Amino acid sequence: MEEGFLLEQKTLEGDLNSETSHQSSVDFLMNWFRKRSIFVLAYGTGCGAIEMPPTFTSRYDAERLGIRGAATPRQADVIIVSGYCSYKTLRRIIRTYEQMSNPKYVLALGSCTVNGGMYWDSYNTIKKLEDYLPVDMYVNGCMPRPESILEGFIELQKEIGAGKASSWQKYEENHEFYRKNQEAVLGEKVEPSYEADWYLYEGGL
Amino acid sequence: MFKTIKSNFATADVEVKRQDLYKVVIKYDRLSALIDFLYNNYTYKILNAITCTDWIEEGHFALTYLITTEDRSNTFMIQTLVGREDTKVESFSKKFKQAQIMERDLHEMYGIDFIGNDNLKELSLENWVHTPPLRREFDTLEFVNEHLTFREGREDNVDVKAETKRLRALKKAQKEADKKAKEAADASALKENEDGK
Amino acid sequence: MILLELLLMLLVAYGVGFLYYGLYRNITARFQRRFGPPLWQSFFDSIKFFLKEESTSHGWMFYLGPIIMMSGAITTLFFIPFFKETTNFSGLSSYGNLFVVLYLLVLGPLGNALGVGTGGNPFGAMGVTRGLSRLFALELPFYIAVIAIMSLSGSADISEIAAHQSTMYALAYPLLFIGALFSFIGMMGQSPFDVVGAPVEVYSGPASEFSGKFLALLMSQSAIYTFAKLVLMVNLFLGGAQGFLELLLKTFVLFLFVISFGSLYGRFKTPQSIDFLLKVPTTIAVIGLILATWS
Amino acid sequence: MKWSVDLKGTLSPLSILGAFFQKPNTIAYPAVKKESVVGYRGFHTNVLADCIGCANCQDVCMNDAIDMIKVDAEYNEKNSSQCIPRIDYGRCCWCSLCTDVCPPDSLKLEEDYLNVTNNANDFLYMPKDK
Amino acid sequence: MENKHITIFHGPQHPGITGNMSVELDLIGETIQKATTHVGYLHRGFEKLVERRTVIQAFTIVCRICVPEPDPNEANFAAAVEELAGIEISERSKYIRVMVLELSRLAAQFLWLAGQSGSIGLYAVGQWAIADRDLILDLFEELTGARVYHMYIYPGGVRRDLPEGFLERVSKLLSYMKKRLKDYDDIFINNSSFKNRAIGVGIISKEEALANGYVGQVLRGCGIAADVRKDAPYLIYGDLDFEVPTELGGDVYARALVRRAEMDQSVHILEQVVEKMPEGEIMVKMPAHRKFKLPKDDTWVKVESARGEFAYYMAGDGTEKIRRMQVRGPSLVHAYTLLENLLVGAELSDVALIMNSLGICPPEIER
């Protein structure tokens, strides 16, 4: 029996041939590479972060599918919004998301990102994530199991491979809409006001 | 110990809730003295928590100080009642270091001012301008409805009680109508029979 | 002709470098009781980063950093001959000897420092500071060993040094080899000396501000650089190689050793690693030097 | 900065290398699936023939996740309101309180749990009839 | 470059932070001059939400208060409700609760093992530990129907009886763990690189620890055998044989040794529980959720979580809703009073190490 990555390679490539007929070969290649390598930002925004370690370490080993963690937003492709999102976190998520370079994707975990979830009547969490950030894939659960998270990634990879995941373009095109919603809950200043911002120093360090 | 506390500090008895938990309700002006008394004469040297309960109907906050012995075998609940509006309470952050953060938390959630606490900045909220959230008059669902929207698509929910009532009434009406129709049918059948005879 | 050869060298280093990175990820994955990514995952990663859009700008100096590093890596590679006793794949090594290579080895960190310093990211600057303060301690045992080798073989030419070894220097003078190996582990960025890019401390260090094409450039650079350094070590200590198979075998054994060592231990703090490198490997290398010149 | 190296502490981590020859822990997910556990709290199922439309589940749900709706289906005769529950998986937390309070025991949770979609409006879930 | 004062935020998005929180660090070079903790990124207002729900409804929400180990919350909530309502639970459910609590403690310690080893870049240990933690979660899945949020310890007992053959599987896991834990000694606890990093880092003195109300491994790491399970036994801990491990160093390494010894003790406790598990009812009869009322009274209950004393204050007001529930987890004081002091003078590379060794868990600080 084939083990490990060989098996995954087969699954990934098996899905590939079906939905790619409309793409030009350059697009196809670009999307193929994008699909095969996904860097996930190491930011546990909510309780879903507790199922991230099993997903990314040896039990479910997401690296088999080319999915691995990235330390900084500059290098990340995917930000996982793992569950509920308080205003204070939303501010940081938006800042982080805007630091990521295109193409970038958002994976939303759990009930809370869809319609408020358990915290539907909480005064400090947002209810619908899609009002503030464009979401590529929702994963069901509270918490989603590692299998669900992997399934979410596989679906995302399929969409990327087919060239359909384009939420970052949506964010740029409808920036005013998103900014309006963000300002409605966060106030005029959406970016967090750090008292000491290192960018204020002349020329950095 | 209980006797001294009753005669010197409290109006009511010390209540033994569990083997490891005593509770006493005292007036606010004796609070500091009682904590000092327990701190100096016994080994109640650790402040475990400060909590506050909002009794809006009775118009006061119940502040509870939980003080534990050094060997952690017994906890004293010292409860004192303070007013709800513009509450100003003496801070214990000089005596117990950890009180600083607990008071900061209570200040944020209830709006209680702790005099002598040098840092009462926002702890977990950011740019909060509404009523302190844990006060009873703050209705969180109302706040949510005012500021946020839920997902559409669930408007077809049926009020089951009303629907049951309606269906029952309908059924009853149906039954009665049936009954009437039956009676009428019976009557007419009877008539026909009679006529036939 | 020479251009074609250089291009071929570059291609080999690029391919083998990424292959080794893939193997590295797979082997460490096995140590961690999992399967690990596809073999060419690092290559896919770098291509994907080439395809990303650039979102940051910190001026031309920032972009110059990766380019200096890349050209440093490529020139280092060109000055290291792949095989002994032949002029095939010897690149520019006839134009420069070991001193040039040693000089070029320092160029990489320097270019890094220039680029990252202008990036404004404090974590990047901290990583560079760590790297620079560790630089001397890291290179010292290596230099001592190299001096010993040069005096033993009486030449500063890398292919001559490789050809001079009737028994490998690693076996004949193990102390020198061990001393140099400690340095080498640090140069390869492996634990316990991986203070520069520690993600939980300085946020991946120098690379933290780079994204897109420049990160891809850095990845390719490190692949090429890794292979160049491995070939250098093989030439200096493991008796060089006569064919591709021998070269791959020897570099891979060395690489395997380095990555296995790296997954056993956690990282030192910067002062600790400087102190350690100055005391243990340097002492070992000095003793090796004395023993080697004695006989 | 102080450091010390003891022999045991240097040699004992070598057992990490032994893992190379052991079987990995990994469940290679899409190809190999973990067998589902009996009693796992996944999606809802509702036996329509038993459901009495009492809305107890709606009442106990603190997440306000359950709607009682009318659908084209054959109801139980005893279903007094002729409504059946629909779950909003944008609210549900799979606590299974609703199944606990169900008088005829018609509402249950099954082992299946996978639902991945790019459309957030797909989360209104009609319990399967089984 | 060396002498420049810079301020950085360590977190909330940083690989070396123990959850969604941040520490603002004032640095000269890499030495920390001042540290300020910021939390609130996970504030959901649990204490408010609980007030809006009936007691039974509130039961499902409390386990979310601490994500790495939800069960102490459930146990605390159930204990507080039972004490207020005067419910006496059956012997079997007490044993099952202890089993769940100890399994969750073991799982939380594995998570700590992963975090602590990751903070010095020893990734293999973390990868092994998370996989071993998953074996415990598999047992939970079987017992409670969920991996992380079990919602299992119910006021009045536990929600499900043990599945068939469950105890055998627990003892099988325990014998595996006993073998496995020795491996972790080899590769991590005794690893000289960990010793070099951890010994002498983050030292807490005994007097300070006692006076400021620190709990858990912080106390035990400086020689005070403080453990709620011994000091004020709840459930059946009074009948079980176990020790409270202590160390004298007061540093990161001492706390690591304490945690490692506690894992052994947890296995030991679980063995006894499996052996002694009595037969009987698992749940007393509870009224419907709108009819279950708490008297106007208050109480203070605590359990020992994997990171120290975890306490709840609960007040009822004669209705079916809870008047006030205050959560006092171990991290509140640790993250502020302790961490802000400990970090001054430490280096940037120690931050992750110290935070992991204190086991700071942000969701329980801000609730």
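Which chain is which? They are A, B, C, D and E, in the order written, and residues in each are numbered from 1.
The definition used in the following text is that a contact is a pair of C-beta atoms (placed from the backbone, for glycine too) under 8 Å apart; a residue touches a chain by one contact, two chains touch by 3 or more.
Remember, predicted model here, so these are calculated numbers, not experimental data.
Participant: So if I look at the partners of chain B and the partners of chain C, which chains show up in both lists?
Facilitator: A, D, E
Participant: Measuring centre to centre with C-alpha atoms, which chain is farthest from chain E?
Facilitator: Max centre-to-centre separation from chain E belongs to C.
Participant: For the interfaces B-E and B-D, which has the higher count of C-beta pairs in contact?
Facilitator: Pair with more contacting C-beta pairs, B-E versus B-D: B-E.
Participant: Measuring centre to centre, with centres taken as mean CA positions, what chain is farthest from chain A?
Facilitator: Result for max centroid distance from chain A is chain B.
Participant: Just give me the whole-number Å value for how far the CA centre of chain A lies from that of chain E.
Facilitator: Here chain A and chain E have centroids separated by 29 Å.
Participant: Find the geometric centre of each of chain A and chain B from their Cα atoms only, then give the gap between the two centres in Å, rounded to an integer.
Facilitator: So the centre of chain A lies 38 Å away from the centre of chain B.
Participant: Roughly how far is chain C from chain D, going centre to centre by Cα mean, in whole Å?
Facilitator: That gives a centre separation of 49 Å.
Participant: How many angstrom lie between the centres of chain A and chain D, each centre taken as the mean Cα position?
Facilitator: Chain centroid spacing, chain A to chain D, equals 22 Å.
Participant: If you look at chain A, which of its residues touch at least two other chains?
Facilitator: 3-4, 8, 42, 57-59, 61, 64, 71, 88, 114-116, 118, 120-124, 128, 142, 145, 198, 201, 205, in rising order.
Participant: Quick check on chain B: which residues sit in contact with 2+ other chains?
Facilitator: 124-126, 133, 138, 140-141, 151
Participant: Could you pull out the residues of chain D that touch at least 2 other chains?
Facilitator: 2-3, 5, 13, 16, 19, 24-26, 28, 88, 90, 93-94, 120
Participant: Give the pairs of chains that touch; include all such pairs.
Facilitator: A-B, A-C, A-D, A-E, B-D, B-E, C-D, C-E, D-E
Participant: Note which residues of chain D are touching chain B in the complex, please.
Facilitator: Those in contact with chain B are residues 53-55, 58, 67-70, 80-83, 88, 90, 120-121, 124.
Participant: For chain A, which residues count as touching chain C in their complex?
Facilitator: Residues 3-5, 8-9, 30, 33-34, 36-37, 39, 42, 57-58, 61, 63-64, 66, 68, 71-72, 74-75, 77, 99-103, 198-199, 201, 203-205 of chain A touch chain C in their complex.
Participant: Quick check: in the complex, which residue numbers of chain E touch chain A?
Facilitator: 1, 4, 6-9, 12-15, 19-20, 24, 40-45, 48-49, 52, 60-61, 64, 67-68, 111, 114, 126-128, 130-131, 133-134, 137, 147-149, 363
Participant: Could you pull out which chain E residues touch chain D in their complex?
Facilitator: That would be residues 53-54, 56-58, 60-61, 124, 128, 131, 134, 138, 141-142, 145-146, 149, 151, 159-160, 163, 183, 185-188, 190-193, 195-196, 200, 288-290 of chain E.
Participant: Inside the complex, what are the residues of chain D that reach chain E?
Facilitator: Listed in rising order, the residues are 2-6, 8-10, 12-13, 15-16, 19, 25, 37-41, 59-62, 93-97, 100-101, 109.
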